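Look for chain A in each of the two complexes below; its partner is chain B in the first and chain C in the second.
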Partner chain A sequence: MIESDVLVVGGGLAGGTAALSAAREGADVRLVSHKESTLRHASGLIDVLGYHDGTLLADPFSAVGDMPEGHPYERVGSAAVEAGLDLFDEVAGDLYAGSHTTKNALVPTHGGTVKPTARYPASVAPGLASDDGEMLLVGFETLTDFDAPLAADHLQNAGVPFEVRGVTARFPMLRADAKITRYAKVLDTDEKGIRSQLVEAIEPHLGDATRVGFPAVLGHDHPARVREALADALGADVFEVPSGPPSLPGMRLEDVLFAVLREAGVTIETGNPVVGFEASDGRIDHVAVKRTHQRVPYFADEFVLATGGLVGKGITTSREGVREPVFDLHVPHPENRYDWFEDEAFGDHPFARFGVAVDTDLRPLDGSGAVEYANLRAAGGVLGGADFAAEKSGSGISLATGRVAGRRAAQS
Partner chain B sequence: MSDSENFPIDVFPETEEMDLRPGADSCYKCSACDTSCPVAEVDDDFPGPKFQGPEQWRLKRKEDTSVDESVMKCSNCMRCDGACPSGVPLSQMHNTARAEYVSEEMSMLSTEYWRNRILANYGTLARIGSKVPRLTNFVMGNSLVQQVNEKFLGITAEREFPEFATETFVEWFEKRGGSTVQSEDKRVAYFHGDYANYNTPEVAKALVRVFEHYGYEVAVPDQRCSGTPMFANGMMDDARRAAKFNVETFHNLVEDGYDIVCSCTSCSMALRQEYPELFTFDGTAEVAAHTYEALEYLRIYEDVEGDLKGAKPNFPNLAYHAPCHARNQGLDGQAVNLFSELDGLEVTDVGDSCSGISGTYGWKEENYDTSMKIGEEMFEHMEDAPGETGLTECPTCAMQMGHGSGYEIRHPLEVVESALVN
Partner chain C sequence: MESRTEVLVIGGGSTGCGITRDLAMRGVDVTLVEQGNLTHGTTGRMHGLLHSGGRYAVSDQKSARECIEENRVLRDIAAHCVEETGGLFVKRPEDTDDYFEEKLAGCEACDIPTEILSNEEAREVEPFLAPDIEKAIWVPDGAVDPFRLCVANAASAEQHGGRVLTHAPVTDLIVEAGEVVGAKIRHEPGPRNAATVGKTETIYADHVVNATGAWAGRLGEMAGVDIEVRPSKGVMTIMNVRQVDTVINRCRPKGDADIIVPHETTCILGTTDEEVSDPEDYPEEQWEVDLVIDELTKLVPILGDARTIRSFWGVRPLYEPPEVGSADPTDITRDFFLLDHADRDELPGMTSIVGGKFTTYRMMAESIADHVCQKLGTCARCETADVPLPGSEDFSVLRDYMDEFSLRSPVGRRSVQRLGSRADDVLKTDAPNPVLCECEGVTRAEVQDALSQSGTDLNAVRIRTRASMGNCQGGFCCQRLAAELHPDHDEQTARASLDDLYQERWKGERHALWGEQLSQAALNHALHAATMNRDTDPAKTGTPDWTDFDGGQP
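== the complex of A and B ==
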């Protein structure tokens, strides 16, 4: 019989944070995730709140306390958001930067815009738009996602306080359709002296630039070593411009988070989805995990749902309506599906806020506002009331609510 | 790309059918599969799973192109399946494409074809070889024979052929008079596959003893190779013959109330996933629905977790590698978690990389270097781990672990046997 104190469903940032927080409270925790972690698709930037009512925020915490009723930040309160970030800082360690300030950093993106974010990979740090050193962006013919000259033009036009140029170079040795993991691997291992070959290709374009930005492929296992070697040889700082999906910064974050989870004694199972559950007396008794064909019961005292939003399939839509597929939870949404969208493409679409509604203990509520199951909590993208993409709040919500859900589950 | 494009939303997904086309259509080109592919990470000639699967499929539907030969470089590790957030049946597409490539593009007179066929039909060779185990071990261990194999067959001379046991598992089982337990309601049929029978009977014996310890009657029916090496080499006719035999045999047992257990994670993968994806014999679905990896079965139906707490097996520290096919069945954390509270030894996970051998893949002369490059990370982690004995469920991963580290490699069932059965 498979059983644990706390069972977390979902292996993204929210599920990982919940599992870690519960384990730190002394609970015996199992995390079950259908697919490899979605962290590998994410940019690796940790947004807390970038925009509020359409305005860019210098300090996310200036508005975290003002969110409307039902928004995940309003549910857990701004102290929980800070605590979630503290937990993140501890887990990410040297891999990340940004914890020295509460302010948003402005990170240049591969499209040449600047994006407000609370924490960013250390590999991104020398590229921040607040620095005034002259910048050279380097793209590669073979990685077409990043058009460096175009991104440089956009940045310059956006009025950044420094000179920025872009060049497209040829990445030595690799063939046209090599995957980003292949780039990272050759740089990690310095196969055939690839690092100096790369430096030779870039040097003629350096000019007076004091920092050089590359697509985010500078190593998987040893990114700091790769950057340092390139920087030493070029005599300029080296940084990555986040892009993706898929994304190496996301994969590196996945690696550290899962290593910390294993160290904390969390049992991790990926590859099989949770497909159903049994409940009695208002409590979940067990969930059913589909192992190729068999439905295997997993028992626990407390459950955390962290299956993500519309993208992660934690919320699904059909012509019948919007639903949460694992526990069949109520998802508030307009009856008429023509009311899900605004007319303008970039309007304030209601569907972006679809998700389960919860009480302040993060327990999902039914249509009448009553708690559905006493021992079930929800965290991360599956929660309703926030427009992650427009607010730039995705990771912050996962960290804050994941931590609260995990701790409360362990304490119950 | 704008941020809104970073959040692709399929508001009205199409209904899923067991046909590959909707699978190919549901690919939204996120490339998650490509970043999980161990071959693409070390070999930029290999176009990756997204191309092998959905792209090639679309291309072939539009125009009458033939399957690209690069599909033969895919090691069938099935990691891409576990990465795709959209449920695209990648390995099923690769298996189908590989079979088409072999039957349409590869000359049946080529050395490559015969080499692959020989490797894929290892079980037949083993059946003959194991009749005279000492002689076979002597001949196959001869370096001249290995050079000849490499030169004429393209089987790498770098690797040592696995030794044949002097008594096969089936011989042992028959000699002891079959199962020592009779039970009406606790009965399992053991799919041992070729390797545990001919090369590592101690693993198979451990399974029998552990299940008998828990009161199960164990049946060991006549069986063929699971087909794993045949799928990987595109030898679909061979695979179909073997699968048909296995499905008929085990379906009868399922109808008599047996569940099927495997000690090899590629065998359980074949029976529970690849058979229903590729074949439609009577009983295929029932066999799939009743197949388990051995320890998985005990975790579900017995309190093996509780029984192992504080138990003291006669084993040194162990360095565990999770086979890719175990990963795909959600079993990658199982051994380390189950063994975490054993007394007197530490079991360390050596990381989530692929071992690189992928069955017959790493035996081919042209893949040997790639295979060792993929394995490098695992070898390094083995070196760092406190244990100097390896542990894994997959026989070919075990070969690769032994080859790269010089360690002796054991199976989790042997640890459980030592802990629980006296």
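== the complex of A and C ==
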């Protein structure tokens, strides 16, 4: 019989944090994840809070205590946000930077825009917008998500305190439709001396630049080594510009997180969906996991739901309404689907806040505000009440609520 | 600025482009002006059905005969714009046998080839048809790309010496001594006109043709004549894949929501028919979307759970002589009317063309061109039914470009289909040619080619290439398309074009926000707002105090 103290459903940042937090409390923890984690699709930046009421925040912690009732930060409190970030710093170790200050960093991303974020990969650090070193951005003809000359002009138009130029180079060796993991691989192994070929192509454009930014493809297994080699040869700092999916910074973070989870003794099982559950007396008894045509019951004392929001399909919708598909939890939403969105693309969309409502112990609430199951908690994107894209708060919410949900589950 | 032309055609839809080509081929000096992009109005907002005539075979046999005749012509002269899908009129149990028989007889009377299929045979052709479909009539319906067709007509007109001006709205008609003698236009930002942007031009003409469709009444007002066009809106809902490869019509008398047209990588569900007062400003309503999905689910049940990616509305330029006075827009004939304002309003110098339908655009153009040539005293003969359109001459270029352009096979094949015989010119490039739009397999070379015809208008690039028209509705490729504008255009221009395209994609996607598409919209929102911070971009909202922020490890 499959049985654990705590069963976590979902393998992203929130699920991983919950599982780790529970395991550190001494619980026997199992994590089940249906699909590849959405971490590999995210930029790899760890946002806590970039904007509050439309105002850019230099200090994210200054406002996490001011969130409206029902916002995940309000539910867990600002101390939990700080504790979640501490846990992250410990897990990420040398892979990440930004823990030396409580301030947000402004990071140039692939669109050429700067965005506020609390932690960033070490590979991103030399590219911060508050540094005044002259910058050269390098794009590759075949990597279509990053147009370096355009991004450079965009940064200049945002008034950054440094000179920035962009150049488009040809990446040696690879065909036009090579995957970004292939770029990382050849740089990792320095296949056919690719690193020096690259340096040769870029050197003539260097000028007085003290830092050089590349698309985030600088190695998967040995990113520090790749960057160091390029930096030494160029005589300038080298950094990565984060972008959308698929994302090597996201994949590297996923690798580290899962290694730490395994070290902590968490049992990880990916590839099989949770397809049902049994409950009695207001408690979840077990969930059913579909494994090669069979429904296998997974028993646990406590459960944590961390399946993500609309993007990760932790929340699903139809013309008829909005659902949480694993436990069929209540998801507050306007009845008419034409009230789910605004007419402006970047409007204040109600859909962006879809998710389950929880009590301060992160237990999902039904339509009347009562706790649905005494031994079920929710964390991360499946929670409602936050527009993480507009707030730039996604990772912070996952870390804070994941940690609280995991600890409380283990302590119950 | 001032210029002269023999004939000024106003309106760059299928009819205007067709007339311009026709006149140019006859050696007439002709100028076309269009307020937006080609197909900006009704033509760009149709479901892409190339009528066999079957649809009108009971109610309007004159239209039906014209449709089948032109259907044959277009397969010939515009092969790269037409997909020969075939069509089915399917009968549900609640539809009458009498109407089925009438349809069959009507098709025969109009020379439309048919074949009767049993339930089993019909489901062999289209496996997703509802099991309770009783039987069906096969007809030679097809799918057509209206944009490609208009562009080909305009290109042909230019090859024959015609002048084509887009982004050139008419600001006034010039009436001198009771006669229309030309028009004033304003040059707005668009392709190939950087030198003239913001300027007005007075174009004098021996004759003016008003081919503005649903906008014909507005143009008439400028010359003081009354043209009672009755614009009627209809919704089209786009599915993310082709559930059917054949046009599916419901075999019953007129009604809403009774057709599915396979189009490129999608199916288009249509439509509704509601009279509106303003061709540019009308409500786009939820009930219309729900109606087409619910009704057409009766023909193809999997549509009920399938992914829709957006909806759009078009307006039909319906017209009937004022004395008819139909109450219901579905009763108004789809026939076209040539209004000679000299006869009708004692205002010589202008002819309006109203009503009609896309499939017979060439025939309408021929008839107008005949009329205009008679006025001009020119006796040249119409050749548009016999001479292939540009891009359609040499279909042998439709080969597999995989090796030649180091493109993955489906990408190469689709590019070549879109480009027709221009494929060699566009795709033969020394630079790497990565795919910019993964959903539709559109490469950089194609986007650059489209940009050379479109200025900074990314929506024009979209309709030329289909980039941003797939599942992600531009979430992944909008910014890549915008990047192609740089460095020919500055960063602010590229950003403004990006914002326009992103908002335009959002506008249609709003009508598909449930299920997979809402999940997609949430992902797009995350990419553009969270990762790229485009919602609160400091380049737009104001420069922050950089020293307040983390400058890195000391």
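To be clear about the criterion, the second predicted complex is superposed on the first by the 411 of 412 C-alpha atoms of A that agree within 3 Å, B and C clash if a C-alpha of one lies under 4 Å from a C-alpha of the other, contacts with A are read in each partner's own complex, and residues count from 1 in each chain.
The criterion applied here is as follows: a contact is a pair of C-beta atoms (placed from the backbone, for glycine too) under 8 Å apart; a residue touches a chain by one contact, two chains touch by 3 or more.
Computed from a predicted model, the values in this text were never measured in an experiment.
J.: Touching A:296, do we find chain B (first), chain C (second), both, or neither?
T.: First partner only, chain B.
J.: Does chain B (first) or chain C (second) touch A:126, or do both, or does neither?
T.: Only chain C; A:126 stays clear of chain B.
J.: Which partner does A:246 contact after superposing on A: first (chain B), second (chain C), both, neither?
T.: So A:246 only meets chain B here.
J.: Thinking of the overlay built on chain A, is A:206 touched by chain B (first), by chain C (second), by both, or by neither?
T.: neither
J.: Looking at A:2 after the superposition, I want to know if it touches chain B, chain C, both of them or none. Which is it: first, second, both, neither?
T.: A:2: touches chain B, not chain C.
J.: With the two complexes superposed on chain A, say which partner A:405 touches: chain B (first), chain C (second), both, or neither.
T.: After superposition on chain A, A:405 lies in contact with neither partner.
J.: Go through the superposed model and pick first if A:136 touches only chain B, second if only chain C, both, or neither.
T.: neither
J.: Touch test for A:67: chain B only (first), chain C only (second), both, or neither?
T.: neither
J.: Which chain, chain B or chain C, ends up touching more residues of chain A in the combined arrangement?
T.: Of chain B and chain C, C contacts more residues of chain A.
J.: Once the structures are superposed on A, label A:271 by its partner contacts, choosing first (chain B), second (chain C), both or neither.
T.: first
J.: Going by the contact definition given at the top, which residues of chain A touch chain B in one complex and chain C in the other?
T.: In chain A, residues 43, 110-111, 115, 145, 175, 177, 243, 245, 310-311, 313, 316-319, 340, 346, 351, 388-389, 392 are touched by chain B and also by chain C.
J.: Which residues of chain A touch chain B once you look at their complex with the stated criterion?
T.: 1-2, 35-36, 38, 40-41, 43, 110-111, 115, 145, 174-175, 177-182, 185, 221, 243, 245-246, 251, 262, 265, 267-272, 289, 291-294, 296, 310-313, 316-319, 340, 346, 351, 388-389, 392
J.: If we count contacts the way the header does, which residues on chain C are in touch with chain A in the complex?
T.: That would be residues 286, 290, 293, 406-408, 431-436, 444, 476, 479-480, 483, 486-487, 490-492, 494-495, 502-503, 505-507, 510, 513-515, 518-519, 521-523, 525-539, 541, 543-554 of chain C.
J.: In their shared complex, at which residues does chain A touch chain C?
T.: Touch list, chain A to chain C: 42-43, 45, 47, 50-51, 54, 56, 58, 97-98, 100-101, 103-106, 109-116, 125-126, 128-131, 141-145, 147, 149-150, 153-154, 156-161, 170, 175-177, 242-245, 309-311, 313, 316-319, 336-338, 340-341, 343-346, 349, 351-352, 388-390, 392, 394.
J.: Considering the complex alone, what residue numbers of chain B touch chain A?
T.: Residues 1-4, 6-9, 11-13, 30-32, 34-37, 40-45, 47-48, 51, 82-85, 272-273, 285, 288-289, 292, 296, 299-301, 303, 327-334, 337, 340, 349, 377 of chain B touch chain A in their complex.
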